[in-house]
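This is the structure, below, for whatever I ask next.
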């Protein structure tokens, strides 16, 4: 059943790839962001899935590729004759070089040290970014415009979408193929037991540097694609948010599957796009989802579909229902809190002599002191939690 | 001269604040192997709780209760979250704390709003300790320094000379053995994490009254604290102290120095060439103050990978 | 020329001196056992020879070349392979993939990312030959983590041998095995290490006496005796320091 | 079909209530759609969401007065998530949702991205052009090398602010001979420092020392305070905002340093309260000042507090003024049954807005607004107390728009539509 579900999921994903051609620029744009995020997260996960190296500074390599491509596009504007479709390759190459240099330093250590060094490198680049006006364009960044090439004018995003689709497929192809090469195999072994690998005569530091550089290059490819799409880049691309995104997306999606990060990146980019305009608490929900996945689904979403255990449709449905119940309850309570703690509500209260006046949420008028308003969501949430608890208990004893 | 003196003292105090925050982090890492990404968030929680509790009880009781509450939160995190993912390895623990940092940041903003709150120094400490050439030196700075120093002394004595320290260290290297001797290893870890969190909470409650207590205070300090811990050697209390002071002094003293690489090349006659290149050659040292800790960290890692006081890996 | 030569090797951890001036020579082609009571420093000495840790002082020569400052991978490439006491292979790989890592190393296939590992027929052939040697052919596709203990040990041995080493260091190859399994393993080791230099750390005296040409006894970080099994069995100080204890 | 859910969610949340009501009304005149693209989540949201709040308030106000051409204005918010990438994406989304005017106040970096995106969009889609308003983005470049016909800067810039401060303080005899410049090390801070360097010889003061420091990185400003003390400056100019301003002022207060500050963002939330009484006597220059705006200021102050819960910060007030000027321009455009942004842009260029402080005009050459600038001083017991303190900004001098505005930058080569 899980296999069927997974295949269905991939089929839906495949259909989505073609969707922008029917739905126009807005969805082309969203689809482009999703694919770029998917490629970036997967490139990040090359380090983790294989070598168990957890980078908190991959925004640097993403940004390096993006800057390289925007610089190249400026050169094309000025008359350089390079077809636009090859531009992302330049981003990948530049990030490869940057990745080799920083990767050499970072991979001197592993484990938590590695994470902290990558974080520090990212902070360093981020703090230097605005200084180097010529290269990074200061706060405003640098911008360019896509020039027509090879018979396409690239004015609409649908045409850009083609480039992104093509290069993402190349990127995923490389990731898929790499796992099967001797070096890919060595990288897996490295993640399991670096010491043992050294006694087989492998220079593990060199392996890690090469792996890091490859991961950086693919991140740069993703960055380059964003450069082509956005036609503009500034140093904030090196900021903590860029580096945190692939981490969150990867582990929510499922870090031990080739396509897990892509799934996580697609979902979170999509949800982020929808929800961040509707609620101010999107980052909170994302954080809670991340922590819950780390706590209860170590394999992420994709990993939970791909376990060897057989689960009946009924159980899956109940579980999905339970998750739905508890998330509805959580969202209701958080949004209520956000409204009740807001300045606007405080002043309305003050206007009414400090009374707990009704507040409006989801087109409902709610009384903040009513036991029903808090009790019902709490009850619903508890039912949800109890349901999934019961399911996991019975799953353990079975 | 006044400038040098005041910079020295300011640097020392800032270094001691860094130490207060990094002490808990290095303690937890040294004892449990967990790199706590949420540590600076606990520091922020300490400040906000100090502010909230202080509104009811006044400053001094809040200074006691806020760290206690943070320690309880730490105990909760260890017991019900970290322990759950422990079997999946340290990376999973790190990810968990990373996620917790995201949540704490958003929750603080939900409850306290996006602006810094009015957490003020109590009247009895809002005085001038001494003045030199027209610059006052606030008493509260001395207070921060005093708290940090006593924290170091207590921790040092606790680790070196009591059974607690012995048990904890043994629990790390030989968990089964310690268990067999009748110690509850789980309880030891719970205790360590709670104490580490409580120390961060104390640092927050003390420093939050002086530095602004706002939702960005965790991000502001977080990465510098990592630098301190790496430079000092993960798990080494003495190393953390030395690194904190060094980074505090260095970032404070470089503020006045407008040196550039291009200037440094002047003796070999390359100054003009370097200036024409621009970019990194013309950045002044004073404008690099914020980046300096990270440069130091990279240098230390290249020259002495285990940190100043860390044991050779 | 000796395969392994240690002269005045010392190793200190902090204040405690674990290895105190060890001189040891293992001749080419000989099977040499290193024995000693628990805590004598056998594992430390083993780690020193294989390059995992560096001596505080003294010199180590492998096949006549000084090696005490070399990284483990350089030592491995010089034809010195070691096994590990606590089986530590690659949990996410299959038996076949694990062994292939060893074989690839000898074929010089390292930084290759332009063709799949499966496309190297010569590597695959060598892997199956080795699998046959240790009777694991039927297990080729099983994940390493699912193998029973004795088969993991056999795989560990196979991985060590895959490097085609001329000096083999085995760390307690029969630890934790039943008498029967141990006998099988000894036979396997004897068969597969024929003609090569072998240094083995072992607790089981039956194994040591049946397998090895010469024995060195390490006590409190010092070699107190080296000789043939007979000489060692009749050495007074050895009996006193080590075998005597074993009898009680 | 994740892609299609968006509209449903919007409906559920009621955020698009106005959008739903729109089509139901008469088809004759389409509704003008205004999109606020702002950093509404993450660390940058602290100050940036104020812009959206002000816009929301003013759109409601305009709609209560009947909207435009019988249609209510449609207002929607988009969250940049603090990144230029997100801003670009949300700009696209806003355009796809049919926005005619996009407004961003928060950051010059993000504003620069949006401005470029819109310039390119308009080049490529001449039949569906979009306008971009910047009520708070002050980097000179945006009306310089990056200026274009569809961007309007409804804000001051570094040059305007520094010249106003110098003029106002000289008139008060408060400038002194020694001036210290401490600024954040990015375009805004650099612009301020450059303006000071330019102004020093003309105005007979010496720039004794200047510091550019990291943005939002410095924990402890006391070393900088020591440096200010060592320089013996009479006046310190700073363009700092947010944490960097609060921390700087706190450190000055703690050190008991007696020096005047000339500021540009002291009126934003958090700044006055952290400075405490040390801020008394500090100087400030901004186009908005509730007291200087007289009855208008009073009205906005009380009405805003009643509707939005807080008194309007300067950002919110500037958002409001931005839309009021738009409202005035719109009134001159006859209903034609369609919305043409080039016509709106043209109308804006010809609009003169009568602010209580004087006439506000829009310079056609680079679309920089010429505001009268209010130079004020922090005093206790002011009529409009700021930031929960009893201090406020008492106006000293109003510099007329034509004196205050800087010269058109030579780098601006605006292409006007045919």
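A, B, C and D label the chains in the order they appear, each numbered from 1.
Operating definition for what follows: contacts are C-beta pairs under 8 Å (C-beta built on N, C-alpha and C of every residue); 3 or more make two chains touch, one makes a residue touch a chain.
Nothing here was measured: the structure is a model prediction, and the numbers come from that model.
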Contact-connected components, subunit A excluded, all else fixed in place: B, D | C
| item | value |
| --- | --- |
| Reference subunit A; chain at largest CA-centroid distance | C |
| Between subunit A and subunit B, centroid-to-centroid distance (C-alpha), Å | 29 |
| Length of the line joining the C-alpha centres of subunit A and subunit D, rounded to whole Å | 32 |
| Inter-chain centre distance, subunit A versus subunit C - centres from mean C-alpha coordinates, in Å | 45 |
| Length of the line joining the C-alpha centres of subunit B and subunit D, rounded to whole Å | 36 |
| Residues of subunit B touching at least two other chains | 219, 287, 290-291 |
| Sequence positions of subunit C contacting 2 or more other chains | none |
| Overlap residues in subunit D, where contacts from two or more other chains coincide | 45, 49, 185, 214, 217 |
| Chains grouped in pairs wherever the two touch, ordered by label | A-B, A-C, A-D, B-D |
| Subunit C residues touching subunit A - in the complex, by the definition given at the top | 50, 52, 71-73, 76-77, 81-82, 84, 88-93, 97-98, 100-102, 104-105, 109-118, 120, 159, 162-163 |
| Residues on subunit A engaged by subunit C in the complex (per definition of touch) | 177-178, 180-186, 188-189, 191-193, 195-204, 206-207, 210, 214 |
| Complex interface listing, subunit B residues touching subunit D | 2-3, 6-7, 10-11, 14, 17, 109, 114-116, 118, 128, 131, 133-138, 140-141, 210-212, 214-216, 219-221, 224, 252-253, 255-256, 284, 286-287, 289-291 |
| Complex contact set, residues of subunit B against subunit A | 29, 33, 35, 81, 84-85, 88, 90-92, 94-96, 98-100, 102-103, 105-107, 110-111, 113, 219, 223, 226-227, 229-230, 234, 278-280, 283, 287-288, 290-291, 294-295, 297-298, 301-302, 305, 313 |
| Subunit A residues touching subunit D - in the complex, by the definition given at the top | 16, 19, 23-27, 29-31, 33, 127, 130-131, 138-141, 143, 145, 155-157, 226, 229-234, 236-237, 239, 241-242, 266-267, 270-280, 282-283, 342-348, 351, 362-363 |
